[in-house]
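To keep things clear, I will list the structure first and then write my remarks on it.
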Amino acid sequence: MRFVNNRAEDVNIAYIGGGSRGWAWAFMGDLALEESMSGTVRLYDTNFTAAKDNEIIGNRLLDHPGSRGKWVYKAVESIREALTGADFVVISILPGTLDAMALDVHEPERYGIRQPVGDTVGPGGIVRALRTIPIFAGFAEAIRKYCPEAWVMNYTNPMALCTRALYEVFPGIRAFGCCHEVFFTQKLLCEALREIMGIDGVTREEIKTNVLGINHFTWIDRAYYRNMDLMPVYKTFVDKHYEEGFEGNEKGHWINSVFGSANRVKFDLFRRYGVIAAAGDRHLSEFVPGDWYIASHEKWKFNLTPVSWRKKNQKDKIEKGKRLLSGEESFELRPSGEEGVRQMKALLGLDELFTNVNLPNRGQMEGVPLGSVVETNAHFSGDSVRPVMAGRLPDPVQNLVVRHIYNNETVLRAALNRDREMALRAFVNDPLVNLSLEDARALLDSMIRNTAKWLPGWEI
Amino acid sequence: MRFVNNRAEDVNIAYIGGGSRGWAWAFMGDLALEESMSGTVRLYDTNFTAAKDNEIIGNRLLDHPGSRGKWVYKAVESIREALTGADFVVISILPGTLDAMALDVHEPERYGIRQPVGDTVGPGGIVRALRTIPIFAGFAEAIRKYCPEAWVMNYTNPMALCTRALYEVFPGIRAFGCCHEVFFTQKLLCEALREIMGIDGVTREEIKTNVLGINHFTWIDRAYYRNMDLMPVYKTFVDKHYEEGFEGNEKGHWINSVFGSANRVKFDLFRRYGVIAAAGDRHLSEFVPGDWYIASHEKWKFNLTPVSWRKKNQKDKIEKGKRLLSGEESFELRPSGEEGVRQMKALLGLDELFTNVNLPNRGQMEGVPLGSVVETNAHFSGDSVRPVMAGRLPDPVQNLVVRHIYNNETVLRAALNRDREMALRAFVNDPLVNLSLEDARALLDSMIRNTAKWLPGWEI
Amino acid sequence: MRFVNNRAEDVNIAYIGGGSRGWAWAFMGDLALEESMSGTVRLYDTNFTAAKDNEIIGNRLLDHPGSRGKWVYKAVESIREALTGADFVVISILPGTLDAMALDVHEPERYGIRQPVGDTVGPGGIVRALRTIPIFAGFAEAIRKYCPEAWVMNYTNPMALCTRALYEVFPGIRAFGCCHEVFFTQKLLCEALREIMGIDGVTREEIKTNVLGINHFTWIDRAYYRNMDLMPVYKTFVDKHYEEGFEGNEKGHWINSVFGSANRVKFDLFRRYGVIAAAGDRHLSEFVPGDWYIASHEKWKFNLTPVSWRKKNQKDKIEKGKRLLSGEESFELRPSGEEGVRQMKALLGLDELFTNVNLPNRGQMEGVPLGSVVETNAHFSGDSVRPVMAGRLPDPVQNLVVRHIYNNETVLRAALNRDREMALRAFVNDPLVNLSLEDARALLDSMIRNTAKWLPGWEI
Amino acid sequence: MRFVNNRAEDVNIAYIGGGSRGWAWAFMGDLALEESMSGTVRLYDTNFTAAKDNEIIGNRLLDHPGSRGKWVYKAVESIREALTGADFVVISILPGTLDAMALDVHEPERYGIRQPVGDTVGPGGIVRALRTIPIFAGFAEAIRKYCPEAWVMNYTNPMALCTRALYEVFPGIRAFGCCHEVFFTQKLLCEALREIMGIDGVTREEIKTNVLGINHFTWIDRAYYRNMDLMPVYKTFVDKHYEEGFEGNEKGHWINSVFGSANRVKFDLFRRYGVIAAAGDRHLSEFVPGDWYIASHEKWKFNLTPVSWRKKNQKDKIEKGKRLLSGEESFELRPSGEEGVRQMKALLGLDELFTNVNLPNRGQMEGVPLGSVVETNAHFSGDSVRPVMAGRLPDPVQNLVVRHIYNNETVLRAALNRDREMALRAFVNDPLVNLSLEDARALLDSMIRNTAKWLPGWEI
């Protein structure tokens, strides 16, 4: 990497999961739209063909009229090739396959456990973590070996545990996890500002929030627009929409959307605890007992995302990939809404950025075990990410959060040691696992057995 | 108080709840059996007649042939009279009545929630705490006013919260909470030692255990007889008795005993977590989801104690009291197994004692919020109780415990502020409250309504 | 305060010490130069005439051609009037008089103790704190009463202790302390960047530093320009200039300047500890034993500032004030280099700012007592100042710093309780107080006696 | 090791420094006097002949009429032989020789630095630590290899750093450090009790003290006999003897004793800080600036121990050894006053013990860096040593102590990395090193050069 005329050139990015269709394309687009950087992106994927396709799609952007940053894409066959010399490492993988995910999400239904997402906590999240953590342990080893100074940006779920595993294996790693869920809540605050105060045209970046919690179960205890306290504004907004929910400008009614919701869970949590839950309702509902929201999700107006939908969506994207590859469809350049490229820019010292990320707790979240990965605001500047002191959650919310933090530590141990009994200790303590001890064991056993091929080293 | 010939004379004890029939008599007996102290016990009770009866029963001990410590008992009509000049304050009260307790324990059954005890956590424990904490707040104020330097020994449940309330209101108080549950586990270890190692005649005091957790959900992570590690001994013992349970020398089979158990819950928790749960099975089962043990308590071989039994028992004791009063029955002097008198002796500097007590966490339990009341070992000597560093619980157990610690803090807040919404935040997060949010609210509301007369200051 | 067209109007500022000639004028200038705010500044000073003069000088700025922010100045006779309705409170006072300061600084010379500044630590700093802390205790009480929600910006020394006293008396206060010393070090890094790397034109704001320590004894352990690590750059710079020092573009040779230095102390500390001391050499030298630098200050190329100079300077400013008042001299509008107005702008939500301030430690500085005031970076945004996790100093530097932190806590106690023995405990442990215990006591006694009139409530 | 009739037989003790004449004989005597244990002591020493002599002396005790515990002594030629199979490891060595110590203690005198002892802190203590820590690092490695479960008792100075080094290299070690200095202060409290209260015949074990600080700079903030608070008693005692000092029943006047003192330093520190300094005056005086006490040690009535005296004493002991060996002199059996054997007994589960020891801080001393070795009370029982929560020192005392704690950490780093600059960072911050930076460096350099032969691996 070198600076030429206030631009960073020859930036080296390793993209692990470089054959991805969703995240990779979004990232390519953001890179192309940012004029202050250029360089090379090495695409590594266990599916080399997919990476190769993305190489072609990516390089075609060089000729795109809207393309301001110039990037060369190159699919590589080994992680060593991807990482050597990297300034940045982006990790966005699907651990296992959607078949595995289907087992994570739907097997527990046999015991009456439904999961709107199933990739973070709950039976699905735990078993997904068991197969993902060893993969991330491998990434950490490789990064230590090939690019120990690189900045590592993780987009993979379960976010907290993937990031935690990187630090467990290579404590000196410079990694953080990124997620856009908080952004949507900031947008919701823009809606409240518009509707309650009549202030229009405010962007989510103008809403200043103090963020604390864990990924997908993140909370906001202070929100400001200028020096206007948004907590009472949000309260009025919640009171107004509590019964019917607020669907805002999301395309289509939540009923027809596997991702949509009417924010009723968010509103109810606000009423109960006085702080703003800052993730989608589908995610939030998974961190609390199933009887609270999931059991009556229609009433609470959110959907459970079937993995069949993900499979269909994957197929659509593969088709779209073919069209992009053949030139039949042209790449539409537009900001993805993700902050990865802005974070890179700040880490290169071209900008400053203050946003929420996932990092090991060093005290930024008071009263929470040190070392565990939490989500709070941080300050990004040249070669530096420093968490901001976020204070502490109200005790009743802390209690909901800490339960998952300790569970995460237990799952980490289980995954690294291939220890089924340890996994069970986390499993039975998950709020969604509302079972007798026998049933819990039986379910975990069958989930592990079902996904055995993605669990190398386990005695099954 | 003064020392004469290595004896402490004129010791002043205030007994709050001095009309009690169980604890007070046990305490009177222990006092009489200890030769190194004598003095006055002032009995204060909202039921003055009961205190007066105990005055007579107690003073009669002066003439008991086995009586070595000489104590004068005096029923007093105000707490001021009881406390003024006290060296020690003993608190052992029934908050509310058994009718209130019946509502605590049995009302939740309408929602399918069964409680073996119902006085610590769970719906019953929480509502009991709501009415007890303000009473203890009053005690703390009175102690600050009348005897700020006295040592205060609490025997009332919910133990952790009663003790916590004392410190919240009067941070300089010198209070601790006492409970005998750990002693029974030490006795169980004696049984294991006898049965597995063939070592007989060992007393529970010879079993050295490291204790940590919260009252009634206390754990032992190290147990030694001499320098013999008892963890593998206990493991063998548990393996041997896991299926059938161990009933030992307790009188009568557990089926006929509302307090008995076959220790199967204790054994199962040991198998799951590798550390020894150190309380009775009825208590332990209340700290975890009802589906784990309570739902199949016959299988796990323990009973739920109906409050009707407590009423019957109370009636029996009242009868016994009459007989003691009339002299029809004579007071049987024998050690109660409680440590209160030994603790007093140590605090007077006549002895040293190393035992488990309930104290605010100052770091003795690692990773647990400071200030919350925990149960660990402590060292008693002249005018001093100091907790011993107990280390930390394994993460999965810590998770089970911390949930109740935060819940306790939330209940404390709710009780002191008469805040129903705050109470609900703890209520819905209790492992036994396996309900929809609506049902949880409805249950709490009805429980508060039912016990309204013991909840002064609440808007009901 | 209200927003009109993206501008904050009717902002209310209370200026305590509003008769000041230096800070007040600088602040007036910065306010006038900032176009996004306007409002009223109420000037309160124990010297009402001086405040009145500044009212006239300030209001004249309304007509100044370069004036973009419109501010009305008003001298008020009571602190109540100043504070009521204030959005911001600025505190910049001289505690006592320069005569008092002369006694602080020069009395210790009788015992061979020389002090380059004498307002932070050392005998002078300690005695200054004894008379300043009660004044700040009064400010804290008044702020609690009249404007508890106002943001309070302190510029008075001893910075850490003044700010600490505000929080001690009113824990809910929203106060922070501001100092420009770090800025000069950032400018020095700009010089190093120019000289060693040939990169010119970089401003201090572009130098990103991690700041930690206490005011006037602040340290930088990371410094970046873009993504260039400045630590090796600074090392080369220090090696080059170590022997002769670096005087840079400061006007005049340090010999003729009571404030100037050749940065040799800074360079030597860097060599010894590997981290950058970020304050002027005169300040730094006071935090370590006098034998290190002060005893040979000519060799280390810095001067001791005699209070006679300050008196002369004060006289000059009074003269200048007269000329400004009469219109004989016109107010020169130019940025002061201070950040107060930018901080206000950020707190009003008109900007974001990331800079170093003095705040109670909540964990931003690891391993340092909580509550004590430390200087680290913080993030300013709408109604919010949050410290950034600054990590920890290397142990040997931590040791130098912690000594003053505990001493500060001791001085605080001494000042609030008028406790001479407590003051002595801090005094004898100050690195400059290299005396026998008798001499130390004699010196402290005489210093207290000398400044008795500014020590109300002390038994002298 | 095995239990037979409540006695521990076949106990295996490794004695490192087993050729010692003072400590080893005292230990042999205590072992012989204790009837509940017997076994083997393997004596390892770099001076094998000395160990061999002690083997003969020790085995002769088997026939001593007063000998109740039966121990076989065996000199061994390798540390491996000593450690393999050991239940306990005792370490009591002289690091280097008395010639090295003479250089530690007397070389600094050339710069006006006098040291009463010179083995803990100060220039002598620091340089002694530099040569001792690598030796202890070796011990830790060997213990990890040959007897990782053994209990390790260190008697070697610098106590805190030797113990710290063991834990640094082998974190799982079960080591603690023992020192008798606190015992003497407890005896002094017995004197106060006798003289002020007229209570005679109390032993030091009956004085209950709360101990906190670091070895040789330990403090007592609570002292009780029975339930009598001894702080006011001690205050009266100090007031009475402040001017003249108290020499009590120590043999001979302090003037003629290189170890004696009149406790005037102890009394003065009590007056200054309100807590009891609990070590000999010679030690205490080394932890504070030389101008406080050492510079006028005759006035403060304590002596500096010249190393020539130690050499003479060593010679006397060698002579005594010859006489013991030849049988010319018979071994006098009497309790040494050390607690090592009682500690072993407690660790074997034959007793309980509550006493002060040196252990890494896990929170027993509040506000002090975790991991650093501190001295507080601990509870000894079967296979267990647990520190008791000791609370925190008053800030001004904490400040004096913490300075040495950080210095210790710095010396540890310097010794393990053979890093002279790191050593200098601790050196210049020692209170006794009241020198210019040049002189400090010159002194350290010459001290390192002088003791070069005991500093393998250093670039000198």
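Letters A, B, C and D mark the chains as written, and numbering starts fresh at 1 in each.
Basically, contacts are C-beta pairs under 8 Å (C-beta built on N, C-alpha and C of every residue); 3 or more make two chains touch, one makes a residue touch a chain.
What you see is a predicted model; the values in this text were computed from it and never measured.
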Shortest contact path, subunit B to subunit C, counted in steps: 2
Chain at maximum distance from subunit C, centres defined as averaged CA atoms: B
More contacts between chains, C-D or B-D: B-D
Distance from subunit D to subunit A - Cα centre to Cα centre, in angstrom: 55
Subunit C and subunit D: spacing of chain centres that average the CA atoms, whole Å: 46
Residues of subunit D touching at least two other chains: none
Pairs of chains satisfying the touch condition: A-B, A-C, B-D, C-D
Touching residues on subunit D, where the partner in the complex is subunit B: 1, 3, 8, 208, 210, 222, 224-229, 347-350, 352, 354, 362-364, 366, 377, 379, 381-384, 386-391
Residue ranges of subunit D touching subunit C (in the complex, touch as defined): 268, 272-273, 289, 291-292, 295-296, 367, 369, 395-396, 398-400, 402-403, 406-407, 409-410, 413, 421-422, 424-426, 428-429, 434-437
